[in-house]
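Can you read through this structure? Questions will come right after.
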Amino acid sequence: MLQLDGLIAMAIQEDIGHGDVTSLAVVDTNLHADASVIAKEPLVLSGCVPFNRVFALLDPGVRVHCTFEDGAAVEKDDRFIELSGRARSLLAGERTALNLLQRLCGVATLTRRMVDAVAGTKCRLLDTRKTTPLWRALEKEAVRHGGGSNHRFGLSDGILIKDNHLAAAGSVADAVRRARTHAPHGLKVEVEVDNLDQFDEALRAGADIILLDNFGLDRIRQAVSKADGRCLLEVSGGVTLENVRSIAETGVDFVSSGALTHSARAMDISMEFRPR
Amino acid sequence: MLQLDGLIAMAIQEDIGHGDVTSLAVVDTNLHADASVIAKEPLVLSGCVPFNRVFALLDPGVRVHCTFEDGAAVEKDDRFIELSGRARSLLAGERTALNLLQRLCGVATLTRRMVDAVAGTKCRLLDTRKTTPLWRALEKEAVRHGGGSNHRFGLSDGILIKDNHLAAAGSVADAVRRARTHAPHGLKVEVEVDNLDQFDEALRAGADIILLDNFGLDRIRQAVSKADGRCLLEVSGGVTLENVRSIAETGVDFVSSGALTHSARAMDISMEFRPR
Amino acid sequence: MLQLDGLIAMAIQEDIGHGDVTSLAVVDTNLHADASVIAKEPLVLSGCVPFNRVFALLDPGVRVHCTFEDGAAVEKDDRFIELSGRARSLLAGERTALNLLQRLCGVATLTRRMVDAVAGTKCRLLDTRKTTPLWRALEKEAVRHGGGSNHRFGLSDGILIKDNHLAAAGSVADAVRRARTHAPHGLKVEVEVDNLDQFDEALRAGADIILLDNFGLDRIRQAVSKADGRCLLEVSGGVTLENVRSIAETGVDFVSSGALTHSARAMDISMEFRPR
Amino acid sequence: MLQLDGLIAMAIQEDIGHGDVTSLAVVDTNLHADASVIAKEPLVLSGCVPFNRVFALLDPGVRVHCTFEDGAAVEKDDRFIELSGRARSLLAGERTALNLLQRLCGVATLTRRMVDAVAGTKCRLLDTRKTTPLWRALEKEAVRHGGGSNHRFGLSDGILIKDNHLAAAGSVADAVRRARTHAPHGLKVEVEVDNLDQFDEALRAGADIILLDNFGLDRIRQAVSKADGRCLLEVSGGVTLENVRSIAETGVDFVSSGALTHSARAMDISMEFRPR
Amino acid sequence: MLQLDGLIAMAIQEDIGHGDVTSLAVVDTNLHADASVIAKEPLVLSGCVPFNRVFALLDPGVRVHCTFEDGAAVEKDDRFIELSGRARSLLAGERTALNLLQRLCGVATLTRRMVDAVAGTKCRLLDTRKTTPLWRALEKEAVRHGGGSNHRFGLSDGILIKDNHLAAAGSVADAVRRARTHAPHGLKVEVEVDNLDQFDEALRAGADIILLDNFGLDRIRQAVSKADGRCLLEVSGGVTLENVRSIAETGVDFVSSGALTHSARAMDISMEFRPR
Amino acid sequence: MLQLDGLIAMAIQEDIGHGDVTSLAVVDTNLHADASVIAKEPLVLSGCVPFNRVFALLDPGVRVHCTFEDGAAVEKDDRFIELSGRARSLLAGERTALNLLQRLCGVATLTRRMVDAVAGTKCRLLDTRKTTPLWRALEKEAVRHGGGSNHRFGLSDGILIKDNHLAAAGSVADAVRRARTHAPHGLKVEVEVDNLDQFDEALRAGADIILLDNFGLDRIRQAVSKADGRCLLEVSGGVTLENVRSIAETGVDFVSSGALTHSARAMDISMEFRPR
């Protein structure tokens, strides 16, 4: 909360600048109002906490009540948040609060569609580090609200040896060995491989998790068969709503998708205002 | 630059946490490398400055050279940024730098397509305040790189009387009069209207700019005809690549679109790494 | 409030350093007291909010009650703020709170005298950007409490083409044209001119506001006559209590004065302390 | 420097907001210029360092050269700082840099006049804590540039028992005794007294420094005679350019004046701009 | 409190990172618990305020009650702080709160042993600037909780001329004279001397306090005898629990010890947890 | 580096306050000096980077050269860092730089002694989260300089189920199962156990690492035998220089010790100063 509040205070400041000149001129200082947040299309809810903090930081006198919980499916025209307070405060926080909410609902909604597509398989849907800078914690939470799981948060809480590391380390075997020896012993070692030769090498080297990058379905199935439960398998690259179920049905443990966070479109949400 | 650097330092910190455990274990501390940033699809470039600042803040020893300028059209497979420096630094900054770049190129590219669609008309394409919190300055610059123009930056540098303000102020005429009297005299008064009655009232009240929200083409043409050059006209709501030219050809001065910033998808860009 | 609190916390820290060694040694930790803030000369009040925030941030247990409102005329010997709380907290915040209050009352009081001098004319009194760094928002509010109006807040919310810009742009006409084309369309274009030739050029170029810098009364009258309502007129330079009414009576719209903020002297205000 | 840079970066931000819309529109991005800072009236210089830091933080490519040193007497029309660099950078920093410089020169100039008035006596002129919040370090340095000396910086580096502390502690003797016992042993104990009875009590209690507040010349002379060198004596209250020499000639060690910092008017200084 | 809260928020962040992955997975979000802080060895208590602030900042719903006061002697197995609140919050703050508490109790406990060793003499035990960076205020408070007194807080609130200053200034006499003339007049002048010749020179120069560094008992006694009450005397260097009383009995005013803060070991303290 | 610099800037500020009054008075502004950092006892070096950053942030003109590398064994009287620059800068940074260095060398030196004690076994020495708040990254680096390895950095990059979590979760088996299901899949699951029953349960539940807390040598041997390589074993509690080798020889993988960081005493290091 401490960090989130710092970011939100900066975001409010970004929008308000030295003051809301329209409201100061046009809206009476003592006018109070009620407002409702309305879904203009079906969506999966995420962002109640940051929405709330925008108003809490701006004016502790504003009351915000979420009538649905994060993760809930909200229908078109549902009013899912109710607010009341000074009209100037509601207007000052509206855009910043909605900008966060629309984006986070976008991530949760896209995630939910992908998760639904793999329902019934053991495969879990993962996000990546391809998130909006400074809002990763919220976006990864939105992925969870959508039913997905989180890959590592950043560079310090997971080992993932990628193509650029392999170029630097020389070979898959060397890279895995170095990670085993020098990286924190509480972290599993994951290696990204581009082809079956690298896959075999990673398996022999004892990688805990192998990430199959841009493998076709056939090669994924070969990898599942070779691994035979000795390591966890993750698939990434070119994952779409159309092909995600076929991938999941190969028996891999995880599918990861950067699009969940980097290309989710904002949900259409508006705020309706009723002066008292 | 001062503010941008502050944000970027926080973004680097968000990704790196207490350290890049993979590189520390797998990549030699003294290994140097070259790297190229490659477009995997055609795009309009935006984000050279923040890309550069990521590495400048992380390790002043990394050299970054943009071979195209912001605003340039980059073809698929073009290498448009070249880097060299310590391998660990390149790997540590890669994700944060690309996350910013991919998003900003996305905004510039979408903007360029819309701008091209209205080419030859006098109509200018505007952004909105529906930007990613904390990155508004960069996203509005990306709109300019794409050929668009910026609407007000935030609540303090432009007067825009919207539906919620009208609800509070009582009438269009009252709201415009109050803005004239109380708001900073150097700012023009813009009013958003939902129908032609409101439009007439705004025109009579002497609004400098009138924003036609969700007007069909017919009604837009009526408004243009009534205004007859006495005020500037802006159109918003439901603007798409398909209909933007028809709107522009009605003779309005501006079309604004929130989608430019809130729903542009990230461009596909990768970084290729060559150890020395 | 978020930004103000940050500045005030830093100001408190500046004065208190690692602790108030006198009070810690001399005043019992549990001693409570009442205190009154007293005007030692007549003044226009401004600064109740920052005065209050000093104590709110220092010790939420201190109660502060302003018995007059910002903008009120306070007589000599009036007690206009009453406080109560821990004696150590009152003593620790006293100087920072008074330093802010004395300065802001100074600005409001000087402004009121100038505003009274132009009473009955249509001319409005404006401040400038010649404010105390970091306290601009409070000083501009003090100007409003004194009855004045605010010029632009800073470089981003108003276009003002000054002599140094003209030197760079080449001519008044070119400068105005460039501002029309490239600056945000919601901002009016203001140009500062030094003589009537420049004035004519600015008028022809269609400037929205023309600032007559260091014009004598005769030339101001000529400008008013030439403008004939086609643009707003502002006068600056050498404005004093003695000549401001004559300037206002020429029919200009605005007179601006840097002295309101950069050279107002601090009002004589003291805090009287009554241990319980 | 670390703290100063932080404050100056915030002050720049306060003025520039999201960008200098006038210069961005009117001044070519590649235009370079020279500029001179000119005294429009005689003054004592203070503020070269913060003036310099404004431009160093804004654009390291701007070169600033002070042709006089802080503390120097500058004549009317002297050009005492020369700058060169990108025109946009010079224009963006101009106001913030001048706002600081004009105020600090004001403090140094007023101080110099007071110091000159007591020349030849052993009496030193002191400032107080009545400074502009957040700029105390610079204002106290300006006092030194003017030839004055500094009283304590804040509440933690000097013991000064004032009327409000005496009200809390009960008696002068008790207050001095408590300060001796509980306050840091490296700090001298100073007591402010309102009358000769309190003075006698403070002298008996062994105060290191006694501050005579609002004493007339006769009573000051009595105090000097009674003290007979056993403690240092300081005078405050109603000190003016007219009476400061008479006070100094009584033989007191220090005269302190809040007006040096809280009511110095800004010096008239301008920046002249020459595009290359 | 303002500064302390800032530091503690950063310390919490240091430990929690992007979240407590163990508690999030293993502990129900709604589980509440009570907890007790228990001394595993006898100690002098210090740190109740920072312990409390950790939880106040992390989760205002956690209640913390200290059953002993700072400065109290706590026995082995005493439960001296009781907490209740959400289990996840208690677990998230536990380590940061204990890390601060264990260290501060260590300082207070070591100080108390040294203070007890000089009981009955007039000699006061002082700390130094050899504190943990960023936690000086808390550690100096812990010294007071242990019964010691504080030397200057930092470089700005006390004059202490050390060997390196003497090397720069040339002679003891010159250094003292320069300090008298140029340093703030409210601060006493202290000089550190290495031998009796320097001591004599410092005494003649009128130092207010002389610090005898690494003097043996004989030479300390000679210095006490020579000083004869004309200045305060402090001893430092090689002070231990074994020799501190002998030093105190020579009649010096102060003994100072860096070990109080730089080498106190952490006290053994644990937190016991009882889910409701 | 970005975060470290922020902390060090605050630490410098903590010590310097509003200025080094002694050096400003006693040391000429233009005096330059050389200085050497000298070990007064044998030590393992750690802290060259932060030592360097103190002076880099304070005065970029100071040159600092470490003649040994972090991790090196330094003998008594070795001069291991050489500095040169303005005398005032050297004196202003001395204490903060040494406070960090003395502590970090203390941690590295104590770690080295423990590491040497287990030389030749496969057992690795680990630190804990019992570090000085805000300086964890440096202290964990000092452990590595001493030859130890790091346990998890904080709560977000490692799963460690401790007694308080077990109390909340109900049973070892439940806790491990929940961690497997809900915690990030890239992290191994570690469980702390107090007795062999818990140990058996943890082994059956498939814990990746089991931490034997306060087990005697016999029980440790039983655990090693039961585990038979199926999981990693760590020992903590009551580890001393005397018993660490016996523990290591049982065949456990790790021994962890909080004392490495919470109770290492500061090394005796001084800075010798030579004015030019």
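Each chain carries a letter (A, B, C, D, E and F) given by its place in the written order, and its residues are counted from 1.
Definition applied: a contact is a pair of C-beta atoms (placed from the backbone, for glycine too) under 8 Å apart; a residue touches a chain by one contact, two chains touch by 3 or more.
Keep in mind the model is a prediction, meaning the values are calculated, not measured.
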By CA centroid distance, what chain is farthest from chain D? A
Go through D-E and D-F and name the pair with more C-beta contacts between its chains. D-E
Centroid of chain A to centroid of chain D, CA atoms only: how many Å? 53
How many angstrom between the C-alpha centroids of chain B and chain A? 22
Which parts of chain D, given as residue numbers and ranges, touch two or more other chains? 17-19, 136, 153-154, 156-160, 184, 187
Looking only at which chains touch which, which shape fits best: line, ring, star, complete or other? complete
Complex interface listing, chain A residues touching chain D: 17-18
In the complex, the residues of chain C that touch chain A are 2-3, 136-137, 153-154, 156-157
Show me the residue ranges of chain C that touch chain B in the complex, using the header's touch definition. 124, 149-153, 156-160, 184-188, 190, 209, 232, 253-254
For chain E, which residues are in contact with chain F within the complex? 7-8, 10-11, 14-28, 31, 33, 87, 90-92, 94-96, 98-100, 102-103, 106, 129-136, 153-165, 167-169, 175, 178-179, 181-184, 187, 258-259, 262-263, 265-266, 271, 273-275
Within the complex, which stretch of chain A touches chain C? 9, 12-13, 17-19, 57-58
